[in-house]
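Here's the structure, in structure tokens; my notes come after.
Lettered A, B, C and D in written order, each chain numbered from 1.
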């Protein structure tokens, strides 16, 4: 339901225009240094603002409520909250009784019979701030083992990056993976925004230095868990691992990653074989649809099922894939941290190292 | 770990060349007619044999061991087993000490420190027979609500179906979705097989008549669970929902599915909005890599890490995506059945219908 | 870990002397009226203060952060927090480096290698306020079906109630189940407190009007889940259902509950047969040890393993069983609410009522 | 549902008079020697037969179907089955349409609306053979760390053992913990049996050498999990840890376990403080009601709700607590194995031992 992960486990709450959003991160091993500054800086990457995102103003200041003592994790759950500051719920009064196209309005109403019209309520991407917070703490754990996760935008509409420079992406306002995409992408986003429209994007995520052996047999495979994590991000419609869709067009003799001199000669598998990491770079591509909120009149139904027109106002991202890049990193971190913990008891010899 | 689903829950065991494979299906509501003939017929679709699959001979006769009385489910777990008949473990003696490229040999060894070299052991696609059995029982449950799941192959290598005829696919030996793909695909598979090679494929799965409201907020979204289910099938490297990765190139004004006269005007979202079904057809595409087992000499390492050559013998599918089509149907059925059960308590009014 | 329940699921965080305690209640069906006043009044029953409990002053004001809109549950998780007001962490400075006898100090240190000495940190009974909050919302759900849970103290030290008057218990400052226990119990508690000592107690919990059929086959039996819930309350060392320990001394012909004229003639089983409710009153007895915090010098070890003397100061309950009575009610409510939801899909005919 | 444990996880299936019972044990670390002889010998302890148990003849021969290769666990799930041999389903024809007093007949019918009258179906204690098998494999794992679990009968009706000799209990046909109970208990059981009646019993279980630190904060406490495990055994109505319900009559100064010279001076807590093991012997008492099957006419209802008389025939244990002793051992083993695995990631330093 609202819990992600099994041993490293994030449970979240909160709506876009409610009092607060937040979460409980359970299973953090004791003795981990919790770097509050890093935590906030990760939230700052995702937070709204700037020309290429929504103009909603949220400091996204995260407050740790438990689970940390003298700067170290205690092994007990880390509770945290981000209080909402800049709700403009009135922006939504005019859509109170209709279903916004492309949004979850219709399906939430079908499921719950209740309409929380204020900015999408729980279905809003605002909740992803909580994932980013959880992912930041996961990153602290992963850092202890030299594992790092990086993401960047490699496609916006029909534009595609040629280079894959994560350092560049970190500096880019739109997390573009090369200079050309950065320039052309910004133009495209602004132009789309001016047209009252929105645009799709795609994100590349890599996990460096993950040890071989992560992923549980047989229904917690690493690739399955990553696919679940990525597909669960707001607006995602496709996920690939390694060669991905292209693998379906290949011959076995092209696709198989041979081994030689102690290592793999290629990485079509994207670092995962049989659902378990092989020690190579883990490579994931995630495809985002355009933001459903656009400023054009759209046909839709009202709550009584009658035809009507949806005309949005308010503040919206013209390209959710951009901030989605930060969330993709967070989700990959959460998955890998969980898998590290789960894998700890895969072999009797591992347990003997602990209980001896 | 080896359990799939939360309320409609399949736990499986078994290795390719072990004594038996089987499972326990928990959460089947009491009073469901269990059609043993249909169950076996579903297994027959997946079972090995024929020109386009491995020549291993397995009747895949499934034996129900519990949970059914007088032809009806009792509400208690349905245990079942398929005893392996045609193990040729000796076929694998020559690869006992090396890692087959593209297989899970290396990663299982990294994870467990144990080598069960007999046909891939647990990582073999043979285990998917158990999923098909579980999926068949799920189909009986879904049938009570008019929900049906269908799959077919829409791509083999560079070939792609133009039509999408599931009735045709049901009759095709390679589950091809149109006549042209059936003919050309068979040729391509045979030719690839003669070359000692293998080929990738892609599968389309649709779910008809699923009620709106399925999918749990917020980490058991229907699309996330489907992505997990599909990516967890042996050899899958990519999953799309609805417009899929093409959505990442679209404008919001193109991608949004408008509503009019009580229904959706398009289905780019593939039947899922905000992770919850909207009552439209649910559309999933699953991309399979080529079978890793090929009959060409391949560079690899032995268990001591030294360079060696892998030369396989034995019986293998030239295109795992073909039988993967049957497994995709099974996984979608398991997910939808689980979601139906989970959703039963979404509204207070649903509970009142039961406890009154 | 820090999550209780499967479909009606409470996840909690917080330490005795941290910033806040709180929780996320997931799985609340949409459309339930959330009575904030009742919620607070339930917390007030458990809150510290008075002659017979610790003198720590906490308003225990609970703040709902999400999941409720226009007074109704929305089906999304209900996040809530109780900010700590009256921490006297300095009271604990002198025990910073030693293990308090009877407390979890030693075991938490063994498990986590970290010492949060401030009032027991996570192991403090302060966390039970969160359970009471969750239980109060469960009570709102149960109320829709006429189910109620009541608890009272039936034993304090060697004193035992003769009558079982829950209305009286509700008014008693020590939740005593009859007048005699109320009078004698208060005296005993005060006298024990004056001696710098503490005393054990026992609590009776009954669940009225629970429908027959609750409890999952076979490892989520209702009695097993209740036993887990009660044994997990701070200080509990024993749990009985129905005739309990005494059943082990009985003959089958004495213990079996016969049926006649449409109902059970006795209730030795305590409303549960084979782990499933039978429609009779569910009866649970829970036994609390004396509060481990006493004001006598006690031998113990310091963190280096050397002998030392523990001399406590601070504010402590002389009899944790008293407030434990409120927590027992909360836990029973949480279990029954979970079981109601889980049972909703036990029969095909139940599902048909929903999906039709 | 039908799964016990989280990381060391047993899922079971099967009915008393079905084709087979069995289970899937998931999470067994790779590299554990699986001693098939020991496994069978543990099942033999529980198996029916002899003067003091039911005369149903079952070899209870357990067949391992997966997860073991060359005598070692592979890390993949261990599937196993016990085929039923000696079903006398006809013995139950006369109770087909009525509810046996003290049994789960009524509640299963209320829950599922289906009647599997053959020997109680899933609710039969026959399923506990599967738990014993799972517990035996758990014992192999625990043995690697020097942990052992032992149980014996300490009470039968009003008789109580004075000594607690587990070696003696192992040799006793009724697992009595001393010679006097053995002699008097056998007489009492036989006499009760001749009277067509049955008798309750109580079982003491101890866990030796469990490391300190087992038990998860805060809803997977070790004592809560043990209480759940024991209360879930057929016929159990009460569970105590350590001083148990006597603790509710004690003063804190009597009950607290002091520490001196590096160890605890007493063990009233039964080896568990704050839900976490403290390294002392873990002590659990489990109370069994008398077998509900007795050979006396008993008032009951038929499936139409009319008064009728239940007159049983067939083969039944006169004292289920006796064989319950073997099951108590199994459940404690399963819990401790699970807790060992869960605890492996409690500290960052533990993970560093593995991933370095």
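Just so we're on the same page, a contact is a pair of C-beta atoms (placed from the backbone, for glycine too) under 8 Å apart; a residue touches a chain by one contact, two chains touch by 3 or more.
Note that this is a predicted model, so its numbers are computed, not measured.
Report which interface contains more C-beta contacts, comparing B-C against A-C.
A-C
Work out the mean Cα position per chain and let me know which chain is farthest from chain A.
D
Starting from the mean Cα coordinates of chain B and chain C, work out the distance between those two points in Å.
Averaging C-alpha atoms per chain gives centres 44 Å apart.
If you average the Cα atoms of chain A and of chain C to get two centres, how far apart are those centres in Å?
Spacing between the chain centres: roughly 37 Å.
Going through chain C residue by residue, note those that touch at least 2 other chains and give them in order.
1-3, 12, 27, 30-31, 73, 75-77, 108, 111-113, 122, 217-218, 346-347, 349
If we count contacts the way the header does, which residues on chain B are in touch with chain A in the complex?
The contact residues of chain B facing chain A are 1-4, 12, 99, 101-104, 106-108, 110-113, 120, 122-123, 127, 155, 157-158, 192, 197-202, 212-221, 223-232, 234, 236-245, 247-262, 265, 268-270, 272-279, 287-294, 296, 298-301, 305, 307, 321, 343, 346-347, 349.
Within their complex, state which residues of chain A touch chain D.
Contacts found on chain A: 6-7, 27, 29-32, 73, 75-77, 141, 144-145, 211, 217-218, 340-342, 344-355.
Can you list the chain A residues touching chain C in their complex?
Contact set of chain A toward chain C: 1-3, 9, 11-15, 18-24, 26-27, 30-31, 63-67, 69, 72-79, 81, 108, 111-114, 116, 118, 121-122.
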